[in-house]
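Structures follow.
The following pair of complexes shares a single chain, subunit A, combined with subunit B in the former and subunit C in the latter.
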Partner chain A sequence: MIFHSLDFLLFFLFVLAVYWQLGRRAQNLFLLGMSYFFYGYVHPWFLYLIFASTVVDYFCGLTIARHPEKKRFVLWFSIVSNLTFLCYFKYFGFFVDNVAELLHLLGLPSFTNTLDIFLPVGISFYTFQSMSYIIDVYAGRLKARENFFEFALFVVFFPQLVAGPIERAITFLPQIEKERSISATDVRDALFLLVWGFFKKLVIADNVAYIANKLFALEETTFALAWTGVFAFGVQVYADFSAYTDIAHASARLIGFKLSPNFNHPFIAASPAEFWKRWHISLSSYIQDYIFLPLYFRFRTRGVRYAVEKGLLITFFLIGLWHGAGWNFILFGIYHGMLVIVYDRCKVVTPIGIRENPWMRPFQILLMFSLANVGFLLFRESEMDYILRHLTLSPLAATGELQWRAACFLFGQALFFSLPLWIHTAYAHMGHRLIPAESWFRTFLQVMVSAAMFLAILVARGDSEEFIYFQF
Partner chain B sequence: MSHAPHDARMFKVLSGVLGKSVEEVARLAERQEPHGESFWDSLQHINIILGLEAEFGIRFELLEAVDLKTVPLIRAKLAVLVR
Partner chain C sequence: MFSWLKARSPESRQARSGVRDRWGGWASVALILAVILVPPALIRGQREPMRFDDRHLRQLQTLQPEYVFVGSSTLLSRIDPARIGTLRPGTHAYLLGEVGSMSALWYLWVKNSLLPSGVRPKVLFIHFRDTELTDPIDETGSVVGQEKIARNRVGDERLFDRVMGYHKGVIGRLREGLLRLYPIQETWRKSGLWLIDGIGFFAASPEYRVYLRKRLFGSDPITSDEAAEVVAERGRFKARLAGEIFSSANQRVLKGKGGLTGGADERLDFSARLEHAFLPELVRLGKEVAARVIFVRMEPRPPMDDSSLTESGAMGDYQAALRGYLAREGVELHDFNDERAFKFDMYLDGGHIKPEFRSFYTERFVERLSEAFR
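Here is the complex of A and B:
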């Protein structure tokens, strides 16, 4: 079930109407049932997979608690089972394609991949989420849960099931286990976030998607047109993914839960490391704790720089691979890993007066934004020929007047649609401090802005596209 | 603001690594929420671990290092590890 559908609206109203009439235990059982309904709505067989994953991790958790001497074996059993599901559905087709291609290149008898494996929505998200439970139980940071239904709700909780944020068992399970309440401020803020999320998806992301799709589909292009397309896609992917996150946050809040942050205005990052501290925060913090730090500690005996850089490259390779089974995603990850390493090395030789000078920050942000756009090109374009074409286009090459005008017009349009994102960033950094959270003026402002956004959704929504991160 | 025995040395390390004044670091010590600071990224996390290890002559294990997410958590860990 997708958020921007009438089905979801009716489903969620029904959930709200029943949920707040129940006690905590009944609320949990009801949410569990509704979450399974939500996930199995389009493809009921998805449920077998998520249920299998839940059962495996539930019993692995209990086994670790009851038989600590076997905990290492059980941890690996759980990780291998989870990753087997993930790899089969997400990467097996990609692997077979590449083997066939390799055989062909070597002049050996090859074959055509006739496998058509359907990727279950959200598998990358809930697999990571479920693994966090087992790793934390293994590490002794979390007690294994006896209540199967509460653990199952943690895995399948519908607001963030399909595209995150990736919740940690250590922060989310305690919320399931305590009484929930909701205040008038919660309702006000959640409703505002809901409208803001739908506005970002339907007005910003879907409209700039139209520009990006057209420009990426051009057979003949120019520097200005090609990079306008990349800029539009960058705005699209941020608006689209953060919209999903906002709707997830708002829905969770309306049933008394608080989800982890996932975005913190990534386009004002001044370095690649800061970008990943602001972009898809639940994934980057997960990767930091469960992959990067263990790698660093594994390699640290061979020197700090070696450990950090090797750890970063492996980590970002995995971030790329997590996003999708394609060489462009792997390149996307390695590219960002290299950026972090290069920036870190430059930091050592850049005087602190330049590095930390607030007057330099706008230039640093602009540079990082440009570099992030190269990353978005790799994220979007799966054909290597097209990627190379974009990267080798010269800004100085002669451009027809018509193409130049078209590029300026489309760039202006993309900029116009992205304007609310920039205003939101400015407000978050300045206006937020001026208007107290509990003030009547904040409520008045939210009502007015919500009304304007609602109107914009009615008159200016783009052709509805599926959320980009649903494919992961 | 509470003043744990190792605060001054801890603040000095954090201030050097994060590029913030000691007063700003002391303000961070009041906050409990992890992952909130955009300047506290993975590389800074490693630098903090290295700085604290050098300053206090200790060596963190992986599981300890993962938990050093906030100034209060670092303070609590130092209270256990540094005698």
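Here is the complex of A and C:
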């Protein structure tokens, strides 16, 4: 079930109507049932997978608690079984394709991949979430849970099930286990967030998607047209994914839960490291805690720099692979890993007067935004020939008058649609100084902006596409 | 037995009932909701009164055509009635078609326009794509679609309401309700698109920027010629964009990616869908009104290399079941999916033929079904 559908609206109104009439334990059971309904709404067989994953991790958690001497074996059993599900559904087809291609290149008898494995929505998100539980139980940071239903609710909690944020058991399970309440302030904040989320999805993301799709589909292109397409896609992917996160946050808040942050205005990051502290925060912090740090401590004996850089390359490779089974995603990960390493090395040789100078920050942001766009190209374009074509287009090459005007036309539209994102970022950084958080004027402003956004959703929404991150 | 389900902690009860926020608690939430949701509902726009539109009926009576074609915009883009008149001198063809129509409207046209007109054509052609004969809802769910239905129904349409009610379901009814509540979304959408185009054009055209500056800040009034020239230039620019940069010849052949949706499509279950379709009535009425009824399945645009399209197994089964049903009912089916004369470049998009190839398409159609045009 997708958020921007009437099905979800009806579903969620029903959930709200019943949920707040129940006590905590019944609320949890009800939410569990509703979450399974939400997930199995289109393809009921998805439920077998998520249920299997839940059962495995629940019993592994209990086994670790009851038989500490076997905990290492159980941890690996859980990780291997989770990754087996993930790898089969997400990467097996990719692997088979590449083996066939390699055999063909070597002149050996090859084959055609006729496997068409259907990717269950959100499998990467709930697999990671479920694994965080086992790792934390193994590390002694979290007690294994006895109550199966509460653990199952943690895995399948519908607001963030299909596209995150990736919740940690250590922060989310306690919320399931305690009484929840709701206040008018919660509802008010959730309403604003809902309208903002739907606006970002339906007005910004879906409209710029049209521009990006058109430009990425061109056979012959120019520098200006190609990079207008990349810019439009960058805006799309941010608006789309952060919209999902906002709607997830708002929905969770309306049922008394608080989710982890996932975005913090990534387009004003001044360095790759800062970008990843602002972009898909729940994934980058997960990877940092569960993969990078263990790797760092493993490699540290060979020097700090070696450990950091090797750890970074491996973790960013995995971030790329997590996003999808394709060489472009792997390149996306490695590219960002290299950026972090190169920036880190440059930092050492750049005088602090330049590095920390506030006047330099706009230039640093502009540079990082441009570099992030190269990353978005790798993210969007799955064919290597076309990636290479984009990267080798010269801005100095002669461009026809029509091509130039077309690029201006589409860039103007993409920029126009992205304006609310920039205004929101500027407001988040400066608005608090101008308008106090608890003032009536701020509430008035929020209401007026929400009303305008609702009107825009009605009259200027694009042709609705699925959320991009559903495929991961 | 289930008392524990109702057990609530004192804190949660307090949190639910005892909240009084600084801005008036729950009253502020209601007020905020009202400010966001109510104003757009008050903008009603211009709505025409819904009366039966007898345009088709009158034109049929005037023309007395030998060949009547029923279908949507895909039919309108393919068949040129004037060309049929020149290919078969002395005969007339009439297109009973509208953009965005599906079998729900086709049924109403045949029942309320063709049948009462008294016209008895030699052949009634019903053009459809894939599952449209058993899938009556598409744009019929929009305000425009609802208006089309309202203009083509006559009095009590029990069968129509029963079939449509089945397909709409709860969600469809809610969507209709929302469209009635917020008609602004249909009436303002064109203005929104015009504005967005204007913003792009502002960035692309220095002349337009000069014109706007003059219009907004200039002391001399804008002449109607200047305004008309700007509108014309905007149209020319968009036509060049579509015809040169985004022409079909400049489109990449995109490699297929694993889709996010799949599995069995219930729309392809012909026998289950037939019970809730207008097809049986279309067949019955068609046989009553015309000497011969021919269903024509229209082809989609072929791939860029003009190779043949492969059909999924489920679609193949659906088409076989449709063919069997129509054969039992004694009507014909012609499937143009195997037609090789229509090339990729002849199509405007996935379903429509470019205007300059309409005549060619008509000729090929008449040639292929020459026996029906004797």
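By our rule, the second predicted complex is superposed on the first by the 467 of 472 C-alpha atoms of A that agree within 3 Å, B and C clash if a C-alpha of one lies under 4 Å from a C-alpha of the other, contacts with A are read in each partner's own complex, and residues count from 1 in each chain.
Here, contacts are C-beta pairs under 8 Å (C-beta built on N, C-alpha and C of every residue); 3 or more make two chains touch, one makes a residue touch a chain.
What you are looking at is a predicted structure, and each value in this text was computed from that prediction instead of being measured.
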Contacts of A:L254 with subunit B and subunit C, given as first, second, both or neither: neither
Which superposed partner A:V308 touches (first subunit B, second subunit C, both, neither): first
Which of subunit B and subunit C A:A163 touches, first, second, both or neither: neither
Contacts of A:K277 with subunit B and subunit C, given as first, second, both or neither: first
First, second, both or neither for A:E356, with subunit B first and subunit C second: first
Contacts of A:A217 with subunit B and subunit C, given as first, second, both or neither: second
Which of subunit B and subunit C A:A232 touches, first, second, both or neither: neither
Touched partner set for A:Q288, first subunit B, second subunit C, both or neither: first
Contact breadth on subunit A, by residue count: subunit C or subunit B: C
Residues of subunit A defined as touching subunit C within the complex: 6-7, 9-10, 20, 22-26, 29, 42-43, 93, 116-119, 121, 179-185, 187-188, 191, 195, 207, 214, 216-220, 225, 382-383, 386, 402-403, 405-406, 408-413, 415-416, 438, 440, 443, 447-448, 450-451, 454-455, 458-460, 466, 470-471
Contact footprint of subunit A on subunit C as seen in their complex: 4-9, 11-12, 14-16, 19, 21-26, 28-29, 32-33, 35-37, 39-40, 170-171, 174-175, 178, 182, 184-185, 188-189, 191-192, 196, 199-205, 237, 240-241, 244-246, 249-252, 254-255, 257-258, 260-263
Of all residues in subunit A, those that touch subunit B in their complex: 139-141, 260-261, 264, 269, 273-274, 276-278, 281, 284-285, 288-289, 292-294, 296-297, 304, 308, 312, 340, 344, 352, 355-356
Subunit B residues within the subunit A interface of the complex: 19, 35-46, 50, 61-63, 65-67
